[in-house]
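Just so it is clear, A, B and C label the chains in written order, and each chain counts residues from 1 on its own.
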Amino acid sequence: MSTGARWSARDGHPDGAPPVSEHRVDIEDAEGVRLIAFDRPEARNAFDLAMYRAVTDGLLGAAVDDSVGSVVLTGRGTVFTAGQDLREMAALANGTADPEAGTGFPALLDALQSFPKPLLAAVHGVGMGLGFTMLAHVDLVVLDETARLRAPFAEMGVPPEAASSLLLPARMGWQRASLALLASEWIDAAQALEAGLAVRVVEAGTVLEATMALARRIASFPTRATQEIKRLMVAAHREEIVAARAREEAAFAALFADPATNPGSGLASGLSGGLRD
Amino acid sequence: MSTGARWSARDGHPDGAPPVSEHRVDIEDAEGVRLIAFDRPEARNAFDLAMYRAVTDGLLGAAVDDSVGSVVLTGRGTVFTAGQDLREMAALANGTADPEAGTGFPALLDALQSFPKPLLAAVHGVGMGLGFTMLAHVDLVVLDETARLRAPFAEMGVPPEAASSLLLPARMGWQRASLALLASEWIDAAQALEAGLAVRVVEAGTVLEATMALARRIASFPTRATQEIKRLMVAAHREEIVAARAREEAAFAALFADPATNPGSGLASGLSGGLRD
Amino acid sequence: MSTGARWSARDGHPDGAPPVSEHRVDIEDAEGVRLIAFDRPEARNAFDLAMYRAVTDGLLGAAVDDSVGSVVLTGRGTVFTAGQDLREMAALANGTADPEAGTGFPALLDALQSFPKPLLAAVHGVGMGLGFTMLAHVDLVVLDETARLRAPFAEMGVPPEAASSLLLPARMGWQRASLALLASEWIDAAQALEAGLAVRVVEAGTVLEATMALARRIASFPTRATQEIKRLMVAAHREEIVAARAREEAAFAALFADPATNPGSGLASGLSGGLRD
């Protein structure tokens, strides 16, 4: 990692990894910290295949780069991320998507749940769907006071994802996870903090700075030790996480396989804006 | 489920299930929500065999009724429930009870821990013993500001019940569960909320209305999805819950089998009022 | 246990157990409660072999003494405990320690994780390292408003200890445990309470009195019942705790075995004061 290096996933990684086809993330390396910034503001940083690949590559590269001590995820523009790209998801449900499109999500989850170094997130504005559930794989979440999170699975008629059926109860407690998952209610920054989903809430506009300071502190410690600490923390739960994802993916496959419950049209109608905020 | 149907368990279920011998619950079905109201105010809604059966039947019926999307438990009168009927429990301990009396409690727990749909509770006033521990099987608890909970097991000299040795630490955290279980202290509404035992506390007198509104919101979502979400949330813990109940029931059996520790007389003296509030 | 008995571990146990070589703890038995007070204020109650043995003996004795219903841990002087004696730990890392020195820590942990009765702690001032992590084995922690806790493992470049990789996430939630373990940040009394690490925070100077009152309440209940309640609470987690300690101890052994990562000199430099407050 070159200190102070900056590149876009469109440019390819400076060490020679192939570029993704479209710009999706900005990556900046400095003082032992890799910043991965979702940068697709025209689609509220929604995750399509290119975004999944760009973030996954950013994580996998950081995992093996000895100069990276910690990683920060954030979103450019006004939101963290609106979650899965509903247009692409509807195409998947309808069988009209790029055959590779379905590979992006599980590959990102694999990278998140196996990420060996301290992982932080600086969250402002909307975190919807995956923009919420990915936080359960993040070690240290800092919230801008504008942050608000929602898991629209019940409303959309789909199963939970990303091991959230296990991890949201584990992170937030059963009652608050039920409210999030079964009632699809919005969670504001103060509620998320109180629920244990974040380490702190900061003034609007300061969340990236606050998160980077924490990430630099962690990166200043011996990387071998922080990796060991994280490895030992995760070890107790890894098998449960894998099992939860397997249950959720089976439920999703069953839903998609049944024409009566395939959410394709619902997803498409979600595009009209009802789910957005 | 007929929308707007109301009946008492004394009348039998409108679909023809046999009536229980005495009135114990009111059941109301409306807008996709089944309300099961404990209605034995003269005994502070204590659970005797007739109450166990009436509530269990209400749950089992709701589980298989496609028109029910969510269920709300509540108590009529001034309390949620004083828990197990100590007169009947003393008779059980003394060997003078109806031979069926011991079957009510485990059947209700089976129904609670296997209940496949979102389960809510509207709690006001006292929740004692089972009136507290059953809440750990409820997905969404809303508390009236008058609610207060107590697990009198340490004071009564009996083991914990209803998988509470597992679920109270899981729901409230170890420290607060220790305070509840080992010190038998009262927990007020604010403390229960802070501990993660409930999703919100509302003004006195509004808890049923607030809970029903939340239940209707959940019932408005596709039932298949909310059932899947709950099934996936519970799947990670079902075996542990079964194992915890087995350990607790073995401890209880050992206690009752030993004349030196059989709590029969203690239970009877608890009737004199000391345990009531 | 003689009511009101007081002795120092230097004097030997009144029932005839051999004294440890140096004074390390005060033990007082009264009204069903054993108080074990760390009393090495000249070293901020740091745990050396003599301290490990004195506290372990105090616990093992209480476990089998029918007149003890609950146990309280506290520290004399201005702190709870500064944790492991870094001088002794550096000697261990350097191979210059008493061959027995390494046996103190695991023996204390065995005693803590198997302690069969309600265990409380009255914590004021600094709880560093083991002074923090041991609290995850305590059922009821009461904090003086001056209490502050820190786990300096990341900063020292060592793995977590005392099953803290499992128990801090379980007790505090993932996010706060990550902050404690990965960022080595101080946690003050209010934060610890909010995180679920303690049952209450009390005014400076009143913590021992408040904890003893709670311990006496618990000790007034049938000891058989409180032991059963604790046994059932712990049963669900015992295997995970044992497994977590085994993982941590393997990580520690690997660290010490590798000259490049042996923390001996870092520990010695920690002595100069940087880690103390």
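Quick note on the criterion: a contact is a pair of C-beta atoms (placed from the backbone, for glycine too) under 8 Å apart; a residue touches a chain by one contact, two chains touch by 3 or more.
Note that the structure is a prediction, hence the values are computed from the model and not measured.
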Interface composition of copies chain A and chain B: same or different, split at half: different
Angular offset of chain B relative to chain C [C-alpha, multiple of 5 degrees]: 120
Computed distance of Cα centres, chain B from chain A, in Å: 37
Sequence positions of chain A contacting 2 or more other chains: none
Touching residues (chain side chain C, partner chain A) in the complex: 153-160, 165-166, 169, 173-179, 181-184, 240, 243-244, 247-248, 251, 255, 261
Of all residues in chain C, those that touch chain B in their complex: 118, 139-141, 170-171, 196-199, 214, 217-218, 221-222, 224-226, 228-233, 235-236
